[in-house]
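Some structures to go through are shown next.
Shared chain: subunit A. Partners: subunit B in the first complex, subunit C in the second.
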Partner chain A sequence: MNTAQNNGHALRWALVAPALGWTLLFFVLPFIAMGLSSLTAHEGGGFTLSNYSQFFTNASYWQAMVNSLQVTAIVTVVSVLLAYPFAWILAEMVPVRWQRLALMLAVLPFWTSYVVRSYSWLLVLAQNGVVNRALTGSGLISEPLQLANTRLATTIGFVHFFVMLLTLTIFANLKQLSPSYRRAAADLGAGPVRTFLHVVLPLTLPGIMVGAFLTFVLCIGDYITPQILGGNNELVMPQLVMMQIGRRGDFPLASALSIILMVVVTAAYLACARWLKIERT
Partner chain B sequence: MRAFTRIAAWCYALAVYGFIFLPVVVLVLFSLQSTSFPIPPFTGPSLRWYQAVLSDTRLTSALVNSLLVASISSAAAVTLGFLSAWGFARFHLPGSALLRGLITLPLTVSYLIIGMGLLVLFNSASVPKSLLAAGIGHVVINLPLCFAIIYSQMGDHQINIERAARDLGAPEWKVLLLITVPVMAPAIFAAFFLSMTFSWDEFVISFLLTRFDTTLPVEIWNLLRSGLNPKTNAVGSLVFAVSIVLVVFFELTLLRRKPA
Partner chain C sequence: MSATSASRNPLSVLKRHLHVACAATALLVGAGDLAGAADLNALIWCDHSDPALLQPFEEANNIKVNVKEFEGTGAGLAIVEQSQPGDWDVMVIDSIDVPRGVEKGLFEPLPEDKLPFADLFPQVKMDGSTIVGGKRYGITEKFGYNTIGFNKTKVDPADMQSLASLTSDKYKGKVAIYDYYLPVIGMAALAIGKKTAELTEADLPAIKAELLKMKANAKLVGEVTASQTALATGEVDILVGGGEWVTAGLAKENPALDFSIPKEGAVLWSQSLAMFKDSKNKDMALKFIQYIMSPEGQARLATSSCYWGMPSNTKAALTDDQKKTLRFIEQPQFLARAQAYPAPNADLDKKMQDVWTEMLQAQ
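Let's turn to the complex of A and B:
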């Protein structure tokens, strides 16, 4: 009996040990390495806090964080505002038997490669791309607009991706809503607008917040879209991090900037978690 | 008035569909013309650039690399995820909630930071950049996902089947292979499929951790340096086609038969 129990113990840990070990070795340890690196001087080694203090004193680093937060905030708000009515139409106005297909179509470009999707927007927005050709061809403008390599392009690329993501989450949310809430509101004399504003919207708000938070996290940490569509004009944090590694091989500064970025995301998470909890009670 | 709002709603939906499909349509359309710039006016159709992609050994070997990294790292992530999910679901372990939290923690960190951490670690340990390093990173990002999916599907009703097998004298490894794995097959397959798609599309970790031999997204990234290039259109369209086939296959096989 005793040996059997011991075997059981050994087995239990043998099952979970590989996954735990992997996480410790290739997730926690790299993190510690990054933390240590961020506290060493790039030239000559030795302990220093200058990698962190640079962020606060160098205006261009600070500006990258401001740019990141601005782009992310705009993208999150615009994506939610575009996706919510769209998801609502799919959930409420499309006949049930077509809904699955309609939703699948709405997120189909989700499955293109992420790099390729940003490049596709470059095709659309380029100096001689589709949009400019259409605008000059129809005589609306005489000179092509500078659309690519701007913050607008980055925003459009991001919104495209997150509208699809949010449509999925909001659609699921709306479908989970029991129709009896709406019937009750109608029985009590509320019209469709009031029912929506006072019943449907508040009930789907926690789901929207989860989607918005996901958008925030993925958007602020993304390097691809701003690099391809925004160019090097108004750098965001991930671009700044990659620049330290690429051009200068400055791992300590890149580590410090990564950690700062992570602290901001964690702060957003805590704020969000708190807000959601209040919502639920 | 009602009719008006209906029409407005449909117009809105169409506009959003248009927005969602615009870049993809442009991508595929201009991959089909033979001129050296993928820009209007459309003069096609031609398969010239698809030929160029398929005869480009850098792209084809990157494609093979991507498939290898995706399938091997996903298999590793599913195996680790499944074993740990089984361990946590079936046995009482001290500090279980904390340890489960640890395993799912990488989900909350962006790929860039996970890649950066591994780069710093490997750099200080003088581990050279390679596909293996990128594969290790892909297991890090997919393991929490596999664990979460499989753990959430380990219901109580399966315990009874496992118990029955043990009562009938099956050793633990036999219970695992002959009972648990087949019963959990849909969740295991879903976890594997999702890992495959994430690894297949993952860019930043591969970009940081590979050098000469690299994966397809990184090779496509290298193509972007030449600006607008119809070859990029062609390879992008091919990747899209492969993904669509996979998604439709997934939709038809796995989602059709709802687990009881």
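Let's turn to the complex of A and C:
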């Protein structure tokens, strides 16, 4: 290997080193620490598997995972169903010169604090909130509905956020799609519906899957939205994790529950890995 | 290699940037150390972050009080464990948890002769938890009740004199529960005729049944902000676990909010101040505690913008209006009917939290 090659090799390592160091310092080492902590008894500090066994033997802990998966699945599906047509309209029907502005307007809610946005939804959905006042005022219902402090409220809060995220990933995918695919399909006699189902949709699937996966990961690990909008009428996993820390400071159990949550996210990744082509979005 | 080509070499650029970054970091760390040496560092609850409370002390002593808020003793002790000895000077802590800090060797005994113990309401001295091994490690600075908070224009105040109302059909869907297991478990215990200081594992099934009845009537189980908002906006009319800490601060905007001490009793909460054994500024830490316990400091702490509560010092310099809002004059009767905050050992604590989790998950 000559000097120039050696220099090039060293340069590549030097450029990669910060990212590697960052990952090592802020992901690998904390993850190892969390793993070791999860195998430690809260009282006494000896080795134990009880932090994991508690999850499988305590029905209310297990229920938190079921709740998390149900909420996440609903949010992901609803967000995709809403975001796809939205992204389609932006990419196909809005004139190119307006698309930047339209996209900016679409992501405008991102500019607000996540916590403020959640509390705003709480006020909108409250007994005396805008929705109930409109429904009772128009005579559609006589008594206010319980919208706030429910799973529905949590879902609405999440969907509001993730529709924006999914719209961006799907829009980017649609814009990368060459018009020649559609022209070729039309030349071969395919109508708009058939072209969409057999050409556009399969080609935009990576964008959908990347957005859906991000939605899944961010939603299943979120603490704020269910805490503010769900009214603690049911617990999801991040709430259960936080609960172990607050007063008792049971970091070993919190670590074990977090690792179980990570295993579920990893399983979700593996399940849809074949469609996850992030470089294409 | 010329100077120009060297300056364009990516490795040289990277090296130069690293030098600049290291120098900047060293400056920041140095500045941080300097700031830390002249300051008082306090681990606190949100009521201590009110500038109206801190500024007079800072100006009088020409010092900056650096505060870090935390929620829950476990979280607070974790912050201390992750810090260097001497990083912190004083800490606000649940009075019942003072022994936890002492067991970890964190706290310094307080000089009783330099603090106004004689002026405290006798019932809130909490000797059982603030004295460990014959030494006083904490002084109660503020207290109140986890009881029934309510909107007196929406509910019958007479009903609020009994904990049984919380589970009656009359108020179904009108109730919020404060999301903290110890005081609400204490209230459930009172509702079934148990003494909060004598709770054992054998009591948990009956307590759980009572909690489930409360949950069936409740619209939400919320932390401080959520439950306060629910009561203030009319989402609910009753807050289980509420008290002056919810209603007093909102009294001006919403005078209809009130609290009762029902016939079964209420749970007495209290917060203490403790000094760290490794504090590098113990004289100033003691001065801070003395200020907080002074009549002026007590009045400011009691009416903090984060939440109001009763000052533990009977000589607190509250105005007549503030005393009326806090129902200062009624305290002797209230204290006589209040019961101790549940103080379970680690094992029972865990079981209580699991009961609470089951209640939250119940549909």
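Assume the second predicted complex is superposed on the first by the 246 of 281 C-alpha atoms of A that agree within 3 Å, B and C clash if a C-alpha of one lies under 4 Å from a C-alpha of the other, contacts with A are read in each partner's own complex, and residues count from 1 in each chain.
Following the convention adopted for this analysis, contacts are C-beta pairs under 8 Å (C-beta built on N, C-alpha and C of every residue); 3 or more make two chains touch, one makes a residue touch a chain.
Not measured: the values here are computed from a predicted model.
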Combined model on subunit A where subunit B meets subunit C, clash or fit: clash
First (subunit B), second (subunit C), both or neither touched by A:V217: first
Partner chain(s) touched by A:E43 [first = subunit B, second = subunit C, both, neither]: second
Which superposed partner A:V199 touches (first subunit B, second subunit C, both, neither): neither
First (subunit B), second (subunit C), both or neither touched by A:A91: neither
Touching partner for A:A10 - first (subunit B), second (subunit C), both, neither: second
Partner contacting more residues of subunit A (subunit B vs subunit C): B
Which superposed partner A:T112 touches (first subunit B, second subunit C, both, neither): first
Partner chain in contact with A:N232 - subunit B first, subunit C second, else both or neither: second
Which superposed partner A:I208 touches (first subunit B, second subunit C, both, neither): neither
Touching partner for A:S120 - first (subunit B), second (subunit C), both, neither: first
Region of subunit B that runs into subunit C when the structures are aligned on their shared chain, from 40-48, 184-192 or 220-228: 220-228
Shared subunit A contacts, counted only where both subunit B and subunit C touch the same residue: 11, 15, 122-123, 126, 128, 228, 245, 251
In the complex, subunit A residues that touch subunit B: 8, 11-13, 15-16, 18-20, 22-24, 26-31, 33-34, 37, 82, 85-86, 89-90, 93, 104-106, 108-109, 111-117, 119-124, 126, 128-130, 133, 160, 163-164, 217-218, 220-224, 228, 238, 241-242, 245, 251, 254-255, 258, 261-262, 265, 269
Subunit A-facing residues of subunit B, complex: 6, 9-10, 12-13, 16-17, 19-24, 26-27, 30, 37-41, 80-81, 83-84, 86-88, 91, 93, 99, 102-103, 105-106, 108-114, 116-121, 123-124, 136-137, 139-140, 143, 147, 172, 197, 201, 203-204, 208, 216-217, 220-221, 224, 228, 232-233, 235-236, 239-240, 243-244, 246-247, 251
Subunit C residues within the subunit A interface of the complex: 10-11, 14, 71-75, 77-78, 173, 179-182, 219-223, 226, 229-230, 233-235, 346-347, 349-350, 353-354, 357-358, 360-361, 363
Complex contacts: residues of subunit A adjacent to subunit C: 10-11, 14-15, 42-43, 58-61, 63-64, 67, 122-123, 126-128, 146, 148-149, 227-228, 231-235, 240, 243, 245-251
